[in-house]
Every structure is written in structure tokens, then in C-alpha cells.
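Each structure below is given as C-alpha cells.
One chain, chain A, links the two complexes that follow: it is found with chain B in the first and with chain C in the second.
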Partner chain A sequence: MQNFFSLILEPLKGVYAEFADFFPNLLAMFIIIFLGIVAARIVRAVVLKLLKAVNFDSWSDRMGFTTIMRKGDLWAKPSAAVGSFLFWLLIIVVFMAGFGALKIRAIDDLVSQCVLYLPRVLSAVLIVVVGYIVTGFIGRAILIFMVNRGYHFAKLLVEAVRLLLIVLFVAMALEQLQVAPRIVVSAFSIIFGGIVLALAIAFGVGGIEAAKKVIEKETVEKKDEKNDDIEHI
Partner chain B sequence: MTMDSIISRKEVHDQLEKIKTADILVGIPSYNNARTIGHVVRAVQAGIAKYFPERKAVLVDSDGGSSDGTIEIVQKTTLEDFQSILFHHRIEPVFKMAIPYHGVPGKGSAFRTLFEIADALNVKACAVVDSDLRSITPEWIELLLKPVLEEGFDYVAPLYQRHKYDGTITNSIIYPLTRALYGKRVRQPIGGDFGFSGRLAKFYLTKDVWKTDVARYGIDIWMTTTAVANNFKVAQSFLGAKIHDPKDPGADLSEMLYQVVGAAFDLMETYPDSWKAARGSEPVTTFGFQYTVGLEHVKVNVERMVTIFREGIKGLREIWIDVLGAGDFGQIEELGSLPDLKFRFPLSLWTRVVYDYALAYHTKKLPRGHLLKSLTPLYLGKTASFVMETENMRQDEAEDEIEKLCAEFESIKEHLINGWK
Partner chain C sequence: MADFYQTGIITTLHRLGKPSLERLESELMEHSKARPVTLVLPALYSEFEGQAMPRIVEELARVKYLQGIALVLGRASDKEFRKAKDSLSAIPYEVKIIHNEGRRIHEIYETIRRNGLNPGEDGKGRSVWLAYGYVLAAGKSYAIALHDCDILTYSREMLARLCYPVINSNLDYVFCKGFYSRVTNKMHGRVTRLLVTPLVRSIQNLIGEHLFLKFIDSFRYPLAGEFCMTTDMARVNRIPWDWGLEVGSLAEVYRNYSPRRVCQVDIAETYEHKHQALSAEDPEKGLMKMTVDICKSIFRTLASEGVMFSEGFFKSLSVSYLRQAEDTIVKYEADAAINGLEFDRHEEAKAVESFTKALSLGAQVFMENPMGTPLIPNWNRVTSAIPGILEMLKKAVDEDNK
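Right, the complex of A and B next:
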């Protein structure tokens, strides 16, 4: 009978012993996560105060960052956005540190993989953000130039340029993330080449008349400009 | 004397050592003006000889690296050819200097060289005249220098008889804006030919603007505004017609607008207290006998201007809504839908457009270049409207229209002051 009890109790003892070994790790995880969340909140509050003190929102308005955020459908204040970004970045770090405290090999491997992957994510985010700003800047510069020259299809052409640039930057970001890099590069080449080929065919075959009109218009405009004697200054 | 000062160059220093001091400096900024500069130099020399025979004078050609022999022509052109027309024998010699300037290529850098030489020679009065002028006479030198030498003025702006369609950036933006801002009716604030005192030349040199657009097209508006906003004594002189070499076909309108309007807006940042305090405007003392001049016909392609304006409505819609607000953009859209014959840009709308662009520039709503260049279609719309409105008007009647626009700029200046945060 005693053997029977020991047959039941031994595994339970083993579970208890393992739990007793594991409990401090679990406790450590909860404490790390709890303290981490508190610290992240404090950091966010301090950063918000600091950004407010240096008038970061007004500076962002002037530099055009607010407009970029609005265009990306982000309606928070720029300072709040920076605060939230830092907060969530810290939360990710805190959770990874917390899970690390459990000392479970599988989780440790996962965490270290995540840590190693994080720089790629950050640089991909950076590529997308910079790409968005550069695309907006170049697109607007071309649009203003073409409108001031009186081109009829300025907006259409600028949308095409924007599309090409977005495709380029998204491909760069995906390549950075190592998401099926071969497929990304091939897909990019196909899409990019396809767009250029489509434009060439549209302009060279389907759009001969349109192309002719654009070229004729440009020639006439240059002539018109020369026929204009007006002194603007 | 800074490291990049023209005075630090040995050949310039040696020439200045020889001259030591002078009463008058006449400067000619040049760049490949071999065709016209000979006439300008002769007119300047005759003007100095005829009206200032007892003053020690220096003629300086500040050249931007001409490759067509401009400098050689300046050095060769002498006074002997027209000695017969002079009443007085010249007592003091006219020194001549032809110097390639340094720095950002442009008229402003050429002027900086002139200010430095004026400062080094401690001159009492300076005049600057464009090198492509065909209508300059010796009297221009008298009219630009005498108010400084004999009447105590520090700055003399030109007053020309121009065709009603010429100087449209001046007429529709720069003159109404500077007049409303600083309260002085200087009719040609960016005329190109000016007189100023040695004291003002020294003051200009204290400003660190030589790497900005002031070094290029922006110099004229900068000189005028700096003089007015710092309470220097300002006058204007009637010089007659301004006829110069045909314009440079490569000159880009957007670039001109960018530099001139950008310089005017920059100056609003420099002197906010000055322009916020000014109310209304007052005339400035005008020298010279005003007369009517027969002017050459000016061809204008109105259709092209209206086309670009309409393309602007389609293409720059988001930018204009952002800068002007939905209400005024609605009015612009309505304007674009009118047939060409009925196309008229209301004065109040145009005034708000200029003020809203100034405010957008102040708050840095868009990158500077994009913002100012997006004004081009609106400006062309306004110009086309002015040309059509004044088609059958005499010169003085067209001038009355400009006067109405100035009154509008003055009457809604509060819009600008209230929006300036």
C-alpha cells in the first residue's frame, strides 16, 4: 500500500520540486515585467515632459513631420507618438528580459532570435519612414516643376513616380527583414521592370498620340515663352 | 576684414593703397555684358565728370567671371571720346577698377565687393547701376548721388517709367507688400540701380547674409528693406525709361520668384517689430523731373499664363488648400472655371494669397523651395488678369490699378499681423 502511495507521491514531489525550482524564475519574470512596465511608463512620462519643454510639437509642425503623420493617418501629437514608440519598445525589451528569467531553453532561443532580429526590424522601419519622406519630397518637387511648366499630365506622372519609389523602398525594407529575400528581389525586379515596360509600351505604342501632343506642346510652349517679352522683375 | 574679404587680395589691396580715399564710388556688377558695358561705363564717366568735377571718384566693375571680354572693355573705355560735351575740366581723376568678385555667383556677391571697397576707401556716396542698361545717361549718376551728397539722404531708390506690363513681380507683390509692411512708398524697391551713403554701405557690411539668396536676386529687396526698416533716410529719383538688353531666355520665373519673394519673407522674420508697428504708408521724397517716355510694345502670352494657373488648380490642390485654406481655394477654383475673357483675379483674394504665403513661410508649412515655387501659377494668374484688365488703359490708369492693390494690402494688414505667431 505504501508503495502505491509512493507511486502517487513521488511524481507529485518531483513536480513540486521542479515547481519550487521554477517558482523563483516565474516570480523573477513577473517582477521584471511589473518593474519594467512601471519603468517604461516613467520613461514615457519623462520623455513627454522633456519634449514638451523643448516645444517638440511646434518644431515637428515646422519641419513637416506632423503633416507626414497626418498623411499616414496618425492623429496623435508628435510628442505622444515618440513617447508611445519608446514605451512599446521598452515593453518588448522588458518582456524578452522577463521571459529570459524563466530559463527555459526553448524560450531562451526564441528570445535570442528575437533580439538578433530586432535591429533588422528597426532598420526596416527606418527605411520605410525615410522612404515615405523622400517619396513625398521628390514627388512634390516634380509636381511643382511640371505644373509650373504647364504639363497636363503632371499629377498622373507624379503618382507613377511615387508608386515606383514606394515599390523600391518596400522591397528594400522586406529585403532587410529577410522575408523570402530571393522572392522579394525577383518580385521587385519583375514589378519594377513591368512598370517601366508598361510605361514604355503605353507611351511608345498605345500612347503615340498622347506622346506627340506632349512633345508638340513642349515645343509650342518653348516658342511661346520666347514670344513673351514681359519682364517680371 | 574677414578671410574671404576682397580687400585681402593683394592686387585689390595694392590698388586701394594707391587710391587711399575717395568721395564717390560708382559700382557696376557685370557678367558677360561686353555688348553693353562700354556704354554704361561712358555714361558713368561722363556723369562723374559733368556733375562732380571736384570730387575724387572711383568706378568699380565687380565681375562674376565674364568670358566675353567685359573686363577688358571696362579698362579700355575712356573719357576722351566725349570731352567736348563737358563744361568743366576735371580736377580730380576717375580711378577705375575691374575686379572679379568671390563667393556665391550672383548680383549680391558683386555688391558685397562694392560695399567692401566703399568701406575701405571711406567714400561719402555710392551708386550702383546695371551693366546691361541701354537707356542710362550721365544724369542718372547725378540723380543717384546728389541726394546723398547734398541732401543728406542715405538711400536713393530708382523711379523709372516702365511699360505697364513690365516689372510684374514688383507691381503685384514686392511694391504692395513692402509698402504695406514698412509704410514707405518706394515705387521700385527692386529696381537694380541705387544710390546710398558710405555710412549705409558700412551698415550693410555688418550683416551676415552673403551665403543666402541675398547674394543672388535677393540683394535689391534686401538693400531697400534694410535701409527702410533701420530708419535710414530714404528717397527716390526719377531716371526716365529703363531699357536694357533682352532678358536671359534661360532665366526661370519660379527661381526668380523663389529668390525675390523668399528674400522679402526672410526680411519679415528679421524686422517683425518694424513692420508690425507701421500703419498706412507715406510718400518718400522724389528727385528728378518726371516726364512721359515712349515705351516699346511688350508682347504677353496671356493664354499660356491662364493655362498654367488652371494646371495649378488641378495639380497643386492639396498644397494650396493647406496654405490658403479651403475658403480661398474655393474662390481660386471658381476663378479657374471662368472663361478667359471673364478671368479677373480679385484684389482682396490676391492680397490674402500673398499674406497667407508669408504666414506659411513663417510657420515653415512646407520646405521653402516647394512653398515659394508653388506660388508661380497663382502669380501667373494674377499677371494674366492684370494684363487683361489694363489692356485698354493708359500708363497712368494702369498705375491707378496698382495703387488700388496697394490700398488693399494696407487695409487687410491685420490679417497678416493676427496670423503671425
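Right, the complex of A and C next:
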């Protein structure tokens, strides 16, 4: 009879012992998550104050980031959006740290993979942001240059350049995120190479006469300069 | 039928003979191919429940030359916005409703404010300004026509006559204001009859000939809310957000364009809309508020033109105005008598007394703060501060209308 009871109690004791071992980890997870959420809220509040102090919203309006948000039907203030982004990023980190405290191998592996992937996400975001600024700057510079030179298709050309740059930066970001990197690189090479080749052929074939005129004009001008020298002497 | 006399320094287009609406509309169809026109309607939701709006919608549904309608809906909840949208579904061309109290438009105002610009307070001026922004953002129109949504006697002929001088490339006016007689069994339009015209003429008596005063005096109904103008003008003109909207808008037209390219057109035989109470005791309400704002607008425009004002000037002006207004009452009494119209001379005299008070109040406010201008910055100014604002506005309106 005693054996029978021990048959029942032994597994329960085992479960209890495992739970007793596991419980501090569980408690640690809850404490980490709770404190993490509080910290994330504080960070969000501090960031919002900081962004307000530096007039981030106004800067964002002028730089065109607000326009991008609105195009995506996001109508929060840019500072609030940055605050929320940081908050949720911290929440993800907090949850990963919390789950790490459980000391479960599968979760540990998943967490470490996520942690390793985070810098890639950040650098991809940075590439997109910098790319947007660079695209806007180059686009505007080309537009001003072309309009001042009196080209009729300035806007069309600028749109084409913008598109090319966007393709370039999106490909870079995707490559950074390791989203099917081979396909992305191949697709980018094909698209970008194709566009450049098309432009080269179009300009080469269509611009033979123009190039000939430019070269002839320069040659004549040089000759004239030489002639001038002789005449003055 | 009117006479053919040309008044002042702008062109007056009269209603002569029996103009054919069909001819006018067929010509507009042709001209609008090269010069598309959008109709801007400032409306409150309460107007959708009134008598005027169903008739206006019915008439507009038969108009074929409009590129689209941009209706700015004020004082409406999300549910009322959808109801208003349903009410306009009978119109067979593009109608966009700008939900003035909506979340997205609210954010547009916030964006403008946080960049140091003031979009003004809620009202017709701000609604109209926002609609101009949308029309500019859409980039489809050469001209903008505008009328109120409380016209009980609305007919599509009004719109056709309003648009014609601007849309017709042979005439090539940049701004056309409507005029009409506001007569039922008696004469209405007290503020125009008994304030604006006598005031403008009194100032002319005191300071001598001034082109702006001549310009304002050339309009038969300077406070009419119906006009048509080019979108270029909508881009450069600032709009007052207070009751000085009409006079202030005319001041901007005067400032930016030659009077030779401005006209007024007789758009209706009769015109009836809601009447404002005088509210003689409270200068913050009704016609009194309107009167104070109009006086301020005129003084500020003249000051910006270099006219010097002093307390002595305003004292003389009050006396001069009172005499002009009293003489005007006598003229209108005779006019009413010959046409068999009711004319309450006592009420008219009381109105003039109130307007004199409002004039003094307007002068006082102006002297205290001559720079306190209620003008909303023009769209060129706004886009220089926030380059993407028009795109944002278009996105907001398009999303609201999905």
C-alpha cells in the first residue's frame, strides 16, 4: 500500500521540485516585465519632452517625414510616433529579457536570435531615413539645375532619378534585413542595370547628334581662341 | 431688367434682356475644357436639414461643366458627415466633403499651428481657406467658384453667370463677384445699404479720393458671398477668418490684381437666404459683430495703404457717417415707396444708430491694436513653412471620403 502511495506522490514531488526550481525564474520574468514596462513608459515620456523641446514635430514637417506618415494614413504627431516606436521597441526587449529569465533553452535561442537581428532592423531603418533625405536633396538639386537650364522634362527626369534612388535604398535596406538577400541583390542588379543600360542606349543613340554638336562647338571655340591670340599679336 | 450703367472702376455685367441659360451652359462646357472649375461650398450640417440644401443639390446635379465640388462641412459629427455624403450622392460628378471637425483635418490645423502660423478660428473664412487648399492640392482646376448653402432661391443660372466671366478666355477676368437685389416685400441687406456704402463715402469725404475706397464703392453688393476667381488668386490671397471676410477678401483682390481684371455680375433677379438679427445690445453677436469686424477690416486696409488715423478723425467720421446714413435712409424710403415695398423708417434709423456705435467700437479696437490682423496666411506662405502640407490635406480629404 505504501508503495502505491509513493507511486502517486513521487511524480507529484518531482513536479513540485521542478516548479520550486522554476518559480523564481517565473517571478523574475514578471518583475522584469513589470519594471520594463514602467521604464519604457518613463523613457517614452522623457523622449516626448525632449523631442518637444527641440521642436521635432516642426522639423519633421519641414523635412517631409510628416508627409510620409500621412501618406501611410498615420495621423499621430511625429514625436508621438517616435515615442510609441521607442516604447514598443523597449517592450519587445523587455519581453525578450523577461522570457530569458525563464531559462528555457528554446526561448533562449529565440531571444538571442532576435537580439542579434535588432541591429539589422535599426540599420535598415537608418538606411531608409538617410536614403529619404538624400533622395529629396538630390531630387531638388537636380530639379533646380534642370529648370534653370530650361529643360522641359525636368520634373519627369527628377521623378526618374528619385525612383532609381528609392529602388537603391530599399534594396540596401532589404539586403541589411537579410530578406532573401540573393533575390534582392539579383533583382536590384537586373532592375538598376537595366535602367542604366536603357538610359545609356537612349542617350547614346538619341544624343549622337547633340554630342557631335557639343564637341564641334568646343573645337571651333578652341580654334577661335588660338586665332584671337594671333590676331592680337 | 437692370440698366446698363457701368459703375466705378470695375466692370459690371448686367442682366439685359432674357439671357439663355442653355447657351450660357453650352459655352461654359466648351470653355471649361481648357479652364476647369471647382465649386467650393462652405456648409454647416444644420443646412442639410434646412430648406435650401435639397434644392441646391438638385440644381447642382444638373450642372455639366463643373470639374467637381469641394464642400467644407462644419459642425458635424462623423455620423452626420456620412449622412451629408449620402445627401450629395445624387450629384453625378466628383464631390469631396472636407470634414472640418474630423480627426485628420484637426491634425492638419495642428500641423499649421505648431509651425507658427495661425489658421484662425472656426468659421466661414477658415472653411473657405481650407477648401482652396484642397483645390490647389488636387491641381485640377483653373478657377474656383463659391456660394453659400442657405440660398432659398437658388438656381443653377446663378452659378453659370458667376463662372462665365472667369472661365471665358475671351473675357479673361480673374475675379468676379455676384450681385443681386435682396428684396422680398421689403428691402434687406441692411449692412451693405446702411453701413458699408455710407461709411466708404464718408471716409472719401474726409480723406479725399482713394483707389481702394473707389474699388469697394464700385461693387453693387460688396458683402455678397458669391464669387468666382482663378486658383492663382486663391494661392496668393489671404482670407480673414472673422466677419470681415468679404471686405477683407476684396482688399486682397485690390492689393494683388488690377481692377481692370475684376468684374461683378448680376446673378439673380431675387435672392433670399437666412437673415441675421441686429443684436444692437451685444457687439459680440449678430449684425453688430459683423459691423465691428467690417469697420476694422476697412480701417486696417486703409492704414496699410498709408492713410493716417487719429482719434479726431474717427470723431469726424462718426458724425459724417451718421449724416450719410441718414441721407441714405431717405433715399431708400423713396425707393420703397415707388415700388410699393414695406419700409420701417424707425427700424432703419435704429440700425444706423447701432452701426454708429459699432463704428466707434471698431475704431477703438483698431486704435488699440492696429496690427491685430485676423488674416489667415495665404497658401504660398503655408507651403513655404510646411512643404508637404497640401499633400497632407489632399490625403486627409481623400481618406475621409473613402
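Everything below uses one rule, namely that the second predicted complex is superposed on the first by the 146 of 233 C-alpha atoms of A that agree within 3 Å, B and C clash if a C-alpha of one lies under 4 Å from a C-alpha of the other, contacts with A are read in each partner's own complex, and residues count from 1 in each chain.
Rule of thumb we're sticking to: a contact is a pair of C-beta atoms (placed from the backbone, for glycine too) under 8 Å apart; a residue touches a chain by one contact, two chains touch by 3 or more.
These figures come from a predicted structure and were not determined experimentally.
Trainee: Looking at A:61 after the superposition, I want to know if it touches chain B, chain C, both of them or none. Which is it: first, second, both, neither?
Mentor: both
Trainee: With the two complexes superposed on chain A, say which partner A:75 touches: chain B (first), chain C (second), both, or neither.
Mentor: second
Trainee: Would you sort A:2 into first (chain B), second (chain C), both or neither based on which partner it touches?
Mentor: In the superposition, A:2 touches no partner, neither chain B nor chain C.
Trainee: Give one of first, second, both or neither to describe whether A:137 is in contact with chain B, with chain C, with both, or with none.
Mentor: The first partner, chain B, only.
Trainee: Count the residues of chain A touched by chain B and by chain C, then name the partner with the higher count.
Mentor: After superposition, B is the partner touching more of chain A.
Trainee: Which chain A residues contact chain B in one complex and chain C in the other?
Mentor: 61-62, 64, 67
Trainee: Please output the residues of chain C touching chain A within their complex, sorted ascending.
Mentor: My answer: residues 103-104, 107, 110-111, 114-116, 385-389, 391-392, 395-396, 399.
Trainee: Give the list of chain A residues in touch with chain C in this complex.
Mentor: Touching chain C: residues 57-58, 61-62, 64, 66-67, 70-71, 73, 75, 77 of chain A.
Trainee: Which chain A residues qualify as touching chain B in the complex?
Mentor: On the chain A side, the touching residues are 61-64, 67, 137, 140-141, 143-152, 154-155, 158, 221, 224-233.
Trainee: What part of chain B is in contact with chain A in the complex they form?
Mentor: Chain B residues touching chain A: 162, 165-170, 190, 192, 217, 247, 249, 253-254, 256-257, 260, 297-301, 304, 307-308, 311-312, 314-316, 319, 322, 363-367, 369-370, 373-374, 376-377, 383.
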